[in-house]
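By letter and in written order, the chains are A, B, C and D; residue numbering begins at 1 in each of them.
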Amino acid sequence: MIDYRSDNTGRAAPEILDALVRANEGTALGYGADEWTARLQERFADLFETRVRVFPVSTGTAANALSLAAIAPSWGLVFCNPAAHINTSEANAAGFFGGGLKLAPVAGTDGKIDADELSRALAAFPPGQLHRGQPAAINLTQATDLGAVYTLDEVRAVAAVAKARGLKVHMDGARFANAVARLGCTPAELSWRAGVDILSFGATKNGGALCDAIVVFSLEIADGLAIQLRRAGQVWSKMRFASAQLMAYIENGLWLRLAGQSNAAATRIAAGIEGIPGLRRLAPVEANELFLELPPGVMDALEADGFQFYRRSATLARFVCRFDLTDAEADALVASLRRHCALPAKAAE
Amino acid sequence: MIDYRSDNTGRAAPEILDALVRANEGTALGYGADEWTARLQERFADLFETRVRVFPVSTGTAANALSLAAIAPSWGLVFCNPAAHINTSEANAAGFFGGGLKLAPVAGTDGKIDADELSRALAAFPPGQLHRGQPAAINLTQATDLGAVYTLDEVRAVAAVAKARGLKVHMDGARFANAVARLGCTPAELSWRAGVDILSFGATKNGGALCDAIVVFSLEIADGLAIQLRRAGQVWSKMRFASAQLMAYIENGLWLRLAGQSNAAATRIAAGIEGIPGLRRLAPVEANELFLELPPGVMDALEADGFQFYRRSATLARFVCRFDLTDAEADALVASLRRHCALPAKAAE
Amino acid sequence: MIDYRSDNTGRAAPEILDALVRANEGTALGYGADEWTARLQERFADLFETRVRVFPVSTGTAANALSLAAIAPSWGLVFCNPAAHINTSEANAAGFFGGGLKLAPVAGTDGKIDADELSRALAAFPPGQLHRGQPAAINLTQATDLGAVYTLDEVRAVAAVAKARGLKVHMDGARFANAVARLGCTPAELSWRAGVDILSFGATKNGGALCDAIVVFSLEIADGLAIQLRRAGQVWSKMRFASAQLMAYIENGLWLRLAGQSNAAATRIAAGIEGIPGLRRLAPVEANELFLELPPGVMDALEADGFQFYRRSATLARFVCRFDLTDAEADALVASLRRHCALPAKAAE
Amino acid sequence: MIDYRSDNTGRAAPEILDALVRANEGTALGYGADEWTARLQERFADLFETRVRVFPVSTGTAANALSLAAIAPSWGLVFCNPAAHINTSEANAAGFFGGGLKLAPVAGTDGKIDADELSRALAAFPPGQLHRGQPAAINLTQATDLGAVYTLDEVRAVAAVAKARGLKVHMDGARFANAVARLGCTPAELSWRAGVDILSFGATKNGGALCDAIVVFSLEIADGLAIQLRRAGQVWSKMRFASAQLMAYIENGLWLRLAGQSNAAATRIAAGIEGIPGLRRLAPVEANELFLELPPGVMDALEADGFQFYRRSATLARFVCRFDLTDAEADALVASLRRHCALPAKAAE
């Protein structure tokens, strides 16, 4: 079996677990008042080239929902792409933590919010309009939920529209590493310098184990968020074991190395399937995911070949590359796709 | 320095981290659909001698608040001891996850709810009374927040009062292991057989690292809770790393061995300080905590001797024993207390 | 000026205010424990030919949101037409009172939910699926937000799909009177006999003044709802003044007489504009609202003629008939529409 | 029967209902965009001698809970007297609308918060302390829930402590009229000039019918509150009928005349019962309520005499005077109390 189901089906990077185990020494104050967590603040400030507050949390859903609740009042509207993870896959955690805030899908290609569409959408909620709530924040998924990556200019354009209306910008960076690796930019360029106020900094999908983080650039919201995290059950008493993981994750560029590997695997597959008849990519392959429209029967055939992946619809399949996916595994998928798409549908069945 | 600040300042048991590291092999479905989590269900069913649903969560606060939200409607009152952790130390997480449910403190000694007091308290909320809400659930902390342990009969008595009114019973078992170890009973006897519907099963304070668990005995609430956990950001995508910890925790009685050690340390100290003039225990020392009223100056003197602990008030100090506290460390505290309490207050300063 | 802006811009029926004033005699227990409210229960039981609980509330938004919160857990999905008032016009009150429940639009014509579309939509949320939440309830607006009326069979078909999945059905009856008057059925036939569990019983838009009501058919949810209403600030201490209004509203068929009048006005206009070139009705005119697509310039011309109405878009206008709209006012609108639509767009500008 | 059960068991002042009926003319925009509501803003600005935003709401519970939610984050603590209405009688509406905010009782006599006790209480929550939440707001009930009235200096002292910590001050003025009438001060002096940020302006208990109001002095919170009111179902579409009531209420000093009448009745009773043996006032009688500790048997005897009132405990009775209570009714209560308290308990039974 070759597993393309998700990047969260994969292993953790050994470096991260090693760090966790090494933190198991002596006593340390609870709830983040330990040395590991203090150092984590410094390391992230270095990484992002500015003062930040970083809060380890157990999941990306917690990171997203608590970030949004921190920047949007309960009567707020959060604009996102219809395919955004917060809209499709988190059981409305944002609405829950946000006290009933509402997600407002806004169109765009490849899982991105389009800045012009956003402008038009915002215009439908003039200030003082009460019946539908008021715009409060923007959510960008980077890399997107369809495997594309916003360019720096695209992020800046969306943020500019948001700022012009006084809205905060949240980036769901479950695959932030993949986006940074792809763009070759700095973390600062892709976040606060582009207008991002708060970032869900993903690690789990990229070789992490049990924690992600919230990185706050708009520091005025950090103290309130700290209490919300406490009451949200997101402040580990033995926080050092989380902070140690996150430090290892960014140490010596590990996070970008891992993301580079999974990106490369996806790129290799994308290149390999170029021109296969009957196969269509739903969006550019710019991170570690491929969304492929396949001819009838091909998904069954792939499964028969031992490939695991998710069916998004009768004809749409998602393939996710883990950091430790091998070239051989990538090539095997290419070969299988090539073989089955070449056949008439009937034969494939 | 000898650290008596908390059991969460301590290390994790190596067995637990070993298990976490061993789980880092191959791929596994996310969000709890993995083999580790499936086995966890079986192991906990064995441990509790009945069908249960067990949900790993990141913290005790998450376990408590989500448990209460699962058994109480948002207009419900949850009765607890005034010293209960949910009332004093969780930033009203129960009120938050519970949609505005309210904690109703009810008196009792040693951090326990007294069954008769509970009866009286409930009588003040006759059915149909709307202005103050309606009773919905009972919260017991076992071991209590003052270091005592409910006997089986005490738990049963409280549960009987609750059941007579149709209320569910939640046990905050952040130190459930210490209580079971103390009582020498089975986990089943101290939980569902005594009337407990849902249990916060603590591990962190007893040698765990990054997870506790919710154990559901009233299975009709489990499916709803599963979704609430998802939207609460409490379902790790790489759940195997949490489930593996919890399995190691209960494997071969590790949890009870660790709790026995910290209990024994507290007992050793309690025995050693017996009869020291001017020193008063706030409650019986039945688990791994000592709450001591001390003469003026003694707390300063202890700190000068290198002991770390929490001051609960000007005269009340809390000492918590970790599973790896040594006899020598226990004896050192006894000696220090004996020495400083014997002196006139002045000298001690 | 002739006002077609809304049915809530209109006067109250004098009978209703008379009843309110007549209730101002003697003392009466507060919070609904008065005789007026007791009698209201009986009258509504008669009206609906079954045991009900009826709760006066101040607004339709309160009625809708609290009804949905009563039948859906906070992790629930409530399926509604995209044009549903709860989705477009209540500032996400349902999400707020529902603790973060989410509205899930499902397609259908004329503002209705289509039973087959609902089946398909539900199939996308198989039991056990956690990431998107679980279906919990259905919301029907009757009459619909586009001025159409569900037939009895259409309501039954939607309810059947709901029941097959174990979902509760809420009817937003802000214009329930208009629907009953249109269909010529009994209130029972259009509510619980068709599968409705809880009804927002509107009065304000149909000659009421300051209250609507929630009518509960599934009595097991009524006690919890009573407390929710109390904490929602929806239980007037001088409830008699609300109950008296509602009794007058249904006394001697007043509610159906008023609805018949506003329906008739809309029908008269609809008949009058039949065949006007360039004018298109968005949906059948079956209650008291007309949604008309108009040629460019016509809306300006109508306003110049002294008509007030809402522009839903550059080409879509909404006209709402009040119970006291006169035939002359209706005919004036017809004449104006006929005149301006006949002209070339240019001239109309 | 003579009714002392509550001031909400009473009639509405005819002037208020007259105004409501007079508002029933012509059409008017919905949701507060009408002329009555516009004028209401002006009148209240005059009344309070400053710019305000005034929002009619259906109940005092709505006014209180939404006011607190507007000035406290969901993780906030709201300090109040243990006897405060928000703590004892509103089904935790504050916790519900406030997203899980928590009430923190602080001691004081006669139902008041004592400024020094408040200082001490706040000191227990140093900034940065997370486990118990952070102080956010203060709630004063004026007149208090025990029938006393804060002096201007007492309000100022509490507000000064609050402001020193950066906390907002909410006044629950369900009986604000009684307090103003008692103190002979201006509404401005007792509200914003004394440090109040937001006021629940009660009318119902003082001759109103179906609405109270929120008066906002800290205007920066008004826009958010406006949306919250909308989603809370507290914005009547036919708002003119509420605004007209409130205008009549303050017109020509009606509100103070009514409050003066009920205050005078209570004062008359208090004077009449002076020196009756075995009878003890729980607090000074400064508004329209008397809380009396009575000898055994007296409550039964009063009821046998035809008096209606509430038993707060086996020995504590509450008597509330309505604006239309007559001197004869007041004197009858005095006579009855005098007669029954004079008798030995036995005879009284």
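Convention: a residue touches a chain if its C-beta (ideal position, glycine included) is under 8 Å from a C-beta of that chain, and two chains touch if they have at least 3 such contacts.
Every value quoted in this text rests on a predicted model; they were computed, and no experiment measured them.
Undergrad: Looking at B-D and B-C, which one has the bigger number of contacting C-beta pairs?
TA: Ranking B-D and B-C by C-beta contacts puts B-D first.
Undergrad: Could you find the chain whose CA centre sits the greatest distance from that of chain C?
TA: It is B.
Undergrad: Roughly how far is chain B from chain D, centre to centre by C-alpha average, rounded to an integer in Å?
TA: The mean C-alpha positions of chain B and chain D differ by 41 Å.
Undergrad: At what distance in angstrom does the C-alpha mean of chain D lie from that of chain C?
TA: Chain centroid spacing, chain C to chain D, equals 35 Å.
Undergrad: Quick one: chain B and chain C, Cα centre-to-centre, how many Å?
TA: A distance of 50 Å separates the two centres.
Undergrad: Can you tell me which residues of chain C touch two or more of the remaining chains?
TA: In chain C, the residues touching two or more other chains are 31, 74-75, 90-93, 96-97, 99-100, 130-131, 133, 227, 230-231, 235.
Undergrad: Contact residues on chain B for chain D in the complex?
TA: Interface residues on chain B, with respect to chain D: 74-75, 88-93, 95-102, 130-133.
Undergrad: State the interface residues of chain D toward chain A in the complex, per the touch definition above.
TA: 31, 73-75, 99-100, 128, 130-131, 133-134, 223-224, 226-228, 230-231, 235
Undergrad: Residues of chain B touching chain A in their complex?
TA: So the residues of chain B touching chain A come out as 3, 5-6, 8-12, 14, 17, 20-21, 24-31, 57-63, 65-66, 90-93, 96-97, 204-205, 208-211, 227, 230-238, 241-242, 308, 322.
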